[in-house]
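All chains are identified by letter, namely A, B, C, D and E, in their written order; residue positions are counted from 1 within each chain.
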């Protein structure tokens, strides 16, 4: 019983981590049609920035500041990348993806060149490094922090999409950018904003990832990205609530399979992905030829 | 080209036909030149859009009508650029300005390909078109196109061709504008709707000047006061629309309409195919 | 148009080139760096600062394999093609196992570096090693276990027999090799050996820790590499595994010290090397050289140092023009002093028999609590080839 | 002999909305049927069902008596069904000539495909020869419409080949929309030839009644997804419901 | 994801005359259509002359003792240089095969590595486990790989219903599963993260040992030539046009009477088979099978090569593959050279990781390379609303 509770709660924590990473990815993909391979790189750099901050300040206050710095770093990085690279490539989704692929190769390598290949311990304050007993299971506190953060992010992103016109502008802009400007809308600003939010989410995920693992390394972000992709695809390509559900499913499936099916969590996730993709009805070509 | 009255020079700022001093034009295009990739598409387009009524922009396929309109709005494709000339909107030079700033000065635009956002709903398409500050004439739009009200929640991509055209028109009419530009608005619409759209535009033109690109000469006849004709990237004619359409010589040479009817031409055409006669009749019917 | 051999320079000024192939980029970059520093200091020591052995200049070229076997092989072949007859290095087992056959095909002396895989021992006639191998790690763990029993096991009654050892490792070649090694070393004499293999890419290790705990082991042998180490230790600690059993693991390099986090004091460490482990002339020389350079000795400093001693020996005995077989002969059975004590190249299979250590943390740095005799942890003998 | 095309109970709905509603219709060999109706009546949707782009939710489509309801578009094309699209649907990175060659080859008309002259002839016919080597992506709107027609025509020139010579049943979805008045006449001639001279069966949607009146043997009127009326052009045009719902007060 | 960047279509300036505009464009000249002057110049590189000349020059390299100071460490015919060049050629071929899907048909697969690794491990295991000789082993791997491609391709293409990303993700999932399998060293077969050294026992002596590097080089060249011949022939055949059509507008293709699914599956299988063969070559050239060849990153690298050189073009992918591999190898050497070690930290750090340089170079290439078809795409952005549907 306590094993099941433990697996479920930590599985939820894992799902929360996946959601935090996938939310920014899904936001950008859902709205901008850019599969952002650099998301992992944003995450890594932000995590390092947060680490530097937390190291210098220390304690729970340091961690809070680190979270801010990390999120800001992610946003800033995203803005720079959008302004300098992505912006010039609108209407060429493939090139946009390729640019982010290039970044995903170069940035972690650069981080490694600067801070070394070895993983670094992330200063986790004592308050967050213990466990809480739930029905006999010792559940790490950090898992609860992640679950809470994931719920907050879910609410915030939903609010952003439903309360502002930006979501609409960006979706329309992806379809026909010129036409949006022809309606008198400054579409570039909306794109930069959305990209920045995606970056900020990556940054936040980086910090919380540091908390989760208790360490950080140059390739952490990139290796988590594969799972984030899977989560986004299972979640229905860009729908935030869908992504939340799929993150949950992936986290639990992986955790259970790792315990009950002899460490086959990864395979279980791959199977889940294949099953979902193949079972999903093909979207009708209806009206496509109007 | 021989019929071209003023081959290359842009029309003089104050067109001569009207003896009384004309009010300043809302849109004034001078010697506009555009290159797309390596090809020169426009090589000196010039015309004025009067501050009231409808001005028609006419010409055969591929002469540069759409390109002209896009250049005015700063909407050329990425490898295209304006290489010369000026565009003035209400007296202010807007050449090379970014599209959204031009549009915010009060321009409504209905593009040739309708430009509806297929992944958004009808309502979302309209919401996007709402321009900050001004009133939004949903009543007018829903009155004109009740269909759109009924289909608010449908994805615009699944609308029929004609319904999409309605969305595009509705977006342009939603705001208070100083100029409305419509590129082939009646294309693909049922005859009844064509009439309705013509009426809509006529009503719109009472309040706001319209620049109309159109192939359907019946519509042009009904709406347009002035006409501008392009050929091969140049303005080849400007003047009164009714006069142009009445002048068969001119419509034939400038627009290629009614050519079939002229007996001397017909005699030159070898191997007339069956049915050609009826065809000419059709053409006549449309142009007269 | 055949590849020309340009091993030695012209006439009088003789030189022998050594190609150091190791990772200075990629995930194992820091191991590579330690190795190279060790080699430099070692060569300085062996040549008395001249860079020459009996007048023969040792020319060192460094290459980065990035942890990629394809690159490693390509570099090895390139060196072979240029007539280089000594290749040394690489921290990645995957690279080393693929360079070894290339060395054999081309009759080149290959002194493998930090790569720990047992497969290199006895791989072929031309392949040697300058570091420790997995077997020696495991054997050290056994020594530690035995020591603890001698010291009076509190649980009593159980004795050596009936004990249960669980190997916790990742489900990859490195992990599987450790399981095999533990089984062959400890699995005899009534001890049961079980293993819990975690998926290498697992993000959350709670299921793994739960399984270890459920197995109720007396001793847990942890063989872990990679970025999830910190997470793994935290999880083991949180799930109470560290309190329920003796947990033994290998000490990593300096950068890895903080990895244990709060678990640090609950873990028994076996060590290939601990900085400052022993005090002999070689260690002093290295400290001095490193001090000048502003470097710090680390886990794989001995491997580089040893490689330099072995190169020096080979060149000294075989001379600048001597053939590879002569160098092989010079090394087989050779005993020399390194910074962790006395090393012996076992003639039969080229294993490097060397002392090992048990360590524990004293504040932030580990210190040696026990030196394990080289013979006590010598690998079982293999046949070459 | 079975009719070339026979639709029975053909329906298509999306969610709760029924877009095509129980269409039953037979088109005889060599017939020219015009399909008219208000915007959104379901004309394009009907073409999509016939050409296999969408699957009906009920009913059957028969081609030459054979049930083809479940066949994918390409299988239908090989049975002699060709169509144009209302929104020009071209390959932006291929030249105009390559379009024609590809289409000809699809129908097994190798000769047209490999023979520059054949390709040119097709393009001449729709007055697009001057753009033969241009990329289709850069064509003006009207020119794309002509290219649509050229693609459909491509295989028809290959009668000398052993192949059947292109589609026997052609679905034309507003082929004249956006074509300059000057060329409407010529394109109409092209379509007329296909029908009268070459004996092909044609179904055509067009909003310009005057074009249709000279061409069609029969007019089918669609409204809200159903078939409102069929009959000779004159009869249909005289029908007050049609006048009211579709034509309105003409300009 | 729809069309892709590709060759340049030069538009010549020609003032349009009234009514009849002269043809002003030359696309990637096709089989049909009369050739204008620009088309003729574009064809200069399409005849058999250029490939034959390049092939001959490459074949003669092992006879050249030329020293190229910065680029190569030793003379061209030294084993080190030949080894490097052979690896470059193998990647040139792999990239060319990959581009068949990516550049020619518009299929973005993240799972090509599965087939490359399949070729390498399959060949190796057929030799060690089944005791086959090299050729039968390659044949078996090829047969097995092709069969797998048919099966997995059919399933992956089903994912295409979700758009290009769906296909990318399903292929990624399969490759990921393969990669996990390889890294786990099941039954001690794959050697896990350490890989397997080439089983030289079953390989002809002429391909073993440094002194025989030239032979390995020629083998790699033969592979490249074969791949180029297959790819170039295929795309110049009618089927190549159909692939291009699928890339541009799949529905249109189906209405013309071509079965899009079969064509996509065909190109997938063909590319995969070339990948399997390339994997076998990789095994021989690098004298081992490495788990790296099974990872998604490996596929990404192929993608980078293809785009670097110019996807959808004749020579682009080949050049990209060769160039990338060359830089990758040489930069590693440069990074550990004294030259770099002497640099100030701010320069040394990025230069010490080849991926920093390569990744940056790639970004610049994507950004600055004036891909012809890409620029046409750009002009089409305006009409995307229509075409995307």
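Throughout what follows, a contact is a pair of C-beta atoms (placed from the backbone, for glycine too) under 8 Å apart; a residue touches a chain by one contact, two chains touch by 3 or more.
Molecules present, by chain and UniProt name: A = Amino acid/amide ABC transporter membrane protein 1, HAAT family; B = Amino acid/amide ABC transporter ATP-binding protein 2, HAAT family; D = Amino acid/amide ABC transporter ATP-binding protein 1, HAAT family; E = Amino acid/amide ABC transporter membrane protein 2, HAAT family.
None of these values were measured; they are calculated from a predicted model.
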item	value
Smallest number of contact steps required from subunit B to reach subunit C	2
Chain whose Cα centroid lies at the greatest distance from that of subunit E	B
Identifier of the chain whose CA centre is least distant from the whole-structure CA centre	E
Longest centre-to-centre distance from subunit C, chain (CA-based)	B
Subunit A-subunit C separation of Cα centroids, rounded to whole Å	38
Computed distance of Cα centres, subunit E from subunit C, in Å	38
Whole-Å gap separating subunit A and subunit D, where each centre is the average of the chain's CA atoms	48
Intercentroid distance (Cα basis), subunit D paired with subunit C, Å	76
Sites on subunit C at which at least two other chains make contact	25, 171, 199, 201
Per-residue multi-chain contacts in subunit E, two or more chains	3, 21, 24-25, 180, 251, 352-355, 377-382, 385-386, 388-389
Sites on subunit A at which at least two other chains make contact	91, 109, 112-113, 175-176, 178-179, 266, 285-290
Residue ranges of subunit D in contact with subunit E within the complex	51-53, 72-75, 77-78, 82-83, 85, 87-95, 97-98, 100-103, 105-107, 113-116, 119-120, 130-135, 137-138, 151
Contact footprint of subunit D on subunit B as seen in their complex	36-37, 59-62, 66, 112-113, 147, 158-163, 165-166, 184, 187-196, 198, 215-219, 221-222, 255-257, 259-260, 273-276, 278-283, 285-287
Residues of subunit E touching subunit D in the complex	3, 6, 9, 20-28, 30-34, 36, 39, 238, 241-242, 244-245, 247-249, 251-260, 373, 376-377, 379-380, 386-387, 389
Complex contact set, residues of subunit A against subunit C	3, 6-7, 10-11, 13-14, 17, 109, 112-113, 116-121, 129-131, 138, 140, 212-215, 217, 219-220, 223-224, 227, 254-255, 258-259, 263-266
List of subunit C residues in touch with subunit A within their complex	25-30, 171, 197-199, 201-204, 206-208, 210-211, 214, 227-231, 234-235, 238-240, 253, 255-256, 258-259, 261-262
